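One chain, chain A, links the two complexes that follow: it is found with chain B in the first and with chain C in the second.
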Partner chain A sequence: MLKAENLHFVYTSGLIKTIKKAAVCGVDLEIFPGETVAIVGESGCGKSTLAKTLVQQLVPASGEVFFGGTKLTGMSWKNLRKFMGKIQLIPQNPDDVVDPKWTVERSVAEPFVICRGFSKEEILVNVDALFAEVGLSAEHKPRYPHELSGGELQRVVIARALALKPDLLVCDEATSMLDVSVQAFIVTMLKDIQKKRGLGLVFITHDLEVAKAVSDRVLVMYAGEIVEEGKDVFDRPLHPYTRALLDAVQYASLEVVLPEEGRALPDGFTGCSYCRLCRERTDACKEPQKLRDVSGRLVRCWKSK
Partner chain B sequence: MSDVLLKVSGVSVTIPTGKGAVQAVDDAAFSINKHEVFSLIGESGSGKSILGQAIMRLLPPNAVFSGKVELGGTEISSLSEKEMQKVRGKTVASIAQNPYLAMNPGIRVGTQVAEPMRAHLGMSKKDSKARTCRALKYFDIIPAEVREREYPFQYSGGMLQRAMVAMGTAANPELIIADEPTKGVDVLKKRNIAAIFKKVSSDGCAFLLITHDVGFARAMADRIAVNYCGQIVEIAEKEAFFKEPLHPYSQALLDAVPERGMHPIPGLSPSMIEVPEGCRFHPRCPYKTDRCLTNPPVVELDGRSVRCWVYA
Partner chain C sequence: MAIFAGILAPYDYTEKNLQNRLQPPSSDHLFGTDHLGRDILTMVMYGARTSLFVGFVVVCISLAIGVTLGVLAGYYGGWLDEIIMRLTDSFLAFPSMFLALAITAFLGQGLKNMMLALIIVEWTVFARIARGSTLDVKTKGYVRASRWIGASNGYVMIKHVLPNIISPVLIMATLGIGNVILAAAGLSFLGLGVQPSTPEWGAMLDAGRTYVTTAPWLMLFPGLFIMTSVLAFNYFGDGLRDALDQKMKYTELEGRF
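== the complex of A and B ==
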């Protein structure tokens, strides 16, 4: 359904002394209808940038994004608009989505207004149905965002994202700031909605437990690259970075892992981006690493068997 | 229980609001031994942070405090503000929840991290700077010499959080009150925070960990207290707690954790202004009976205590 090919994104800052920072480096991915894909990795590894390039909020430096066979990158804004409702992003912080000066009802109704072609009555009926779908009652509708709790506001954001009947929801750390019980509620609700509507879910998170609980397929990201991809990644991790993540969840060895000479790699270094921190590094890690197929799993490490 | 470091007895905090008084902490009683990691878990809005602030005497000015807090034998709840300043940061340090609000945006991070060393240990600017750099490096804030001279806005959230931990541990306090130290922090850095806390605690520092991260509490704590709607409903040793939680809320909370299947707790958290009568959990409790409408007793049961009628 959604396909990205060799996606790159570079942040630039500074006017005179320009600093370039590559956040996404050559990501290929494919998401099939009705599938739940989790993208995991530490903060700063480019997960959110990847999400934003997938939904066309950021224009990639190079690479292409296809949605159902149509190429989205390079499309004019006017044409792109038809697809925007089909791919929706749920960001980490619900306050980024809703206008603090609008009632939440108006925020949920906004997509219908933007899309035009809906009568007032239709909009009201649709908004009612959406509120019911995410488990909010009519008394929540006239409230303002500050009058709702974090979990309720996140549900408003989900209702808004569902408004235009999307085929794909990209949840960018949608539950990581919430309590376990609220998180359990939101995740269960998202899975129910997915079952009912048959939509694809991309779950971007640094919480491996959540990723494990919800996903059919997992992509592990490190320094802008996919380092491991496949099913049951957490039961049988192949890449050293995935193993390090899993050890961290179990608090297996409580020692601080720090790079010897800083995390930044020297300019022009083309080898494995994880080799500074990797415990199993050898000289061969200085060679560029390709994603290899290891018994149905894609791994970016020459050592994995 | 001879080496009790912190003893909290009968602490209640009420905060008046426009819609009525919120009893954020109701009759909290527990003690923390020396070198112990004591974790207070519960959902946001259950009054955990207010309890931490009450111990530090950092409550909002309109809050009404009652009860007694003893630290190492001295009652700190009746100290004057001037005396309290000598305790704060020296004997008991706090690591606040939101690093952007806790740090002064106009002062360099290095200066702020060095402040407890300068104020309580009487270190010189030069010594404290060297130690600050070492601390920052230890917390993966590199290059420390550059980062030390930066301002909070130049840091990412996680990095500032780690700088806060560096600041809290700077003057080697006896007790650290850490309020949600892992909120929004990814697994690797969480593990690093856990490692640092473990190291600091093996140096003899006790911890009051206020968190909603059950996994983190499990990895760190010696004893667990569960907070629901302003009340501590259960206190137990960690092993016993995770093997068999007694209070129905503790059971529901553990079932909501991803590795136990993510079962949401039925119903909604009650408003703190109109708390349910009797047991505060009874509207959501699967075991409720008529007696739950009256206040449940705190039952002592093989070294653990639980506030529930089922065990009365």
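== the complex of A and C ==
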């Protein structure tokens, strides 16, 4: 359904001395209808940037994104409008996405108003259905965002995203701001909605537990690259980074927590981006690493068998 | 009081009674009379009409101009922002009273010209505030979110940006009314505002200037009213800020500081 090919994104900053930071480097991925894909990785590895590039909120430096066979990258705003309702992004911070001066009911109704072609009665019926779907009652409707709790607000945001009947929901750390009980509630709710509607879910998270619980497939990202992809990544990690990441959760391993400088690679280095920190590195790691198919698993490490 | 001046006022403001000139305040003339025998209380009441009218109209028009330009500049950024903001800056570079003086001197005396001059001076303040707030609101998720479901720029500006920047702008507007009343009084005092026959607080101050030692009430009462109305608008601005901020009512900290 959604397909990305060789996606690159580079942040530039500075006026005189331009600093470039590649956040996404050559990501290929495909998401199938009704599937849940988790993208995990440490903070700063490019997860959120990848999410924004996938939904076209950021324009990639190079590479293509296809949606159901149509190329989205390079499309004009006008043409892109038709696809906007079909792919929705649920961002990390719910109180940023709803207008503080609007009642939440109005916020949920907004997609219908913008798309036109809905009568007032239709909008009311649709909004009622959406509120019911995310488990909010009628008493929440006339409230303002600051009068709702974080969990309730996140459900409002989800209701709003569901309004235009999307085929794909990209949840960018959608539950990270919430406490554990609410997290579980939102995640189960999303899974239920997915089952009912048959939509694709992309779960971007640093919470490996959540990723493990919800996903059919896991992508592990490091330094803008996908280093491992497969179905049982957490049970049988092959890439050294995935192992370190899992260890970090268990033992708070130093390697993963190491600051940026310690892992900086020399300019023009094309080898494995993890080789500075990798315990198992050899000279062969200086060669460019490709995603290799290791018995049904894609791994970006020459060692894995 | 300004609205009902016609009913409340004890005398006609054109009524001159040279025998009663320069009367001190008494039961007949509560605020006394001026050098032409006119009742000061009546003139202050009618003067309120002129002053408040000037204040409101000038602020409303400059608010409309300033907010439109400011939102456009802030929202689109780039060269449009550069053009609008350099224009604003060049207006702001002049001392405002001096600029107003120069414009009225150039256009000639009169109420309309004075208001025009004040508008030219005032709109820059609103443009600056509107732009600043727009820059802040523009980066918010709800602007991006509604763009992402296909909203046009115009829709976003009117439905999302405007409601979210309007409270600082309105607060500035109420403070601005006080400012404009003061500036208008100043210009009239210098003889660049209204015709001498129309009652206006600043013009009254000017007329009373020569008699300040012998008949201080000529300047005292209009001056007092300028002060109270400016003060009132400032307090009103404060109150408006509290009323417009929905969140403040619910914060725990309220009442503790």
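Side notes on the structure shown:
Here, the second predicted complex is superposed on the first by the 295 of 305 C-alpha atoms of A that agree within 3 Å, B and C clash if a C-alpha of one lies under 4 Å from a C-alpha of the other, contacts with A are read in each partner's own complex, and residues count from 1 in each chain.
Definition applied: a contact is a pair of C-beta atoms (placed from the backbone, for glycine too) under 8 Å apart; a residue touches a chain by one contact, two chains touch by 3 or more.
Just so it is clear, the structure is predicted and the values come from calculations on it, not from any experiment.
Looking at the shared chain after the overlay, A:177 reaches chain B, while chain C stays out of its contact range.
In the overlay built on the shared chain, the residue A:164 is in contact with chain C alone; chain B does not reach it. By the touch criterion defined above, A:98 lies against chain C but remains apart from chain B after alignment on the C-alpha atoms of chain A. Residue contacts after overlaying the shared chain place A:55 against chain C, while chain B stays out of touching range. Looking at the superposed arrangement, the partner reaching more residues of chain A, out of chain B and chain C, is B. Once the two complexes are overlaid on the shared chain, A:225 sits clear of chain B and of chain C alike. Contact with chain C, but none with chain B, is seen for A:85 once the two complexes are overlaid on the shared chain.
In the superposition on chain A, A:248 contacts chain B only, with no contact to chain C.
Overlaid on A, the two complexes show chain B and chain C touching no common residue of chain A. The touching residues of chain B, counted against chain A in their complex, run 43-45, 137-138, 140, 142-143, 156, 158, 183-192, 194-196, 198, 212-215, 219, 252-253, 256-259, 261-265, 269. Chain A makes touch with chain B in their complex at residues 41-44, 149-150, 176-177, 179-185, 187-188, 206-210, 212-213, 244-245, 247-249, 251, 254-258, 262-263. Residues 140-142, 144-146, 148-151, 155, 160, 163-164, 246-247, 250 of chain C are the ones touching chain A in the complex.
Note for the complex: chain A touches chain C at residues 55, 57, 81, 84-85, 88-89, 91, 93, 96-102, 107, 110-111, 114-115, 144, 146-147, 160, 163-164.
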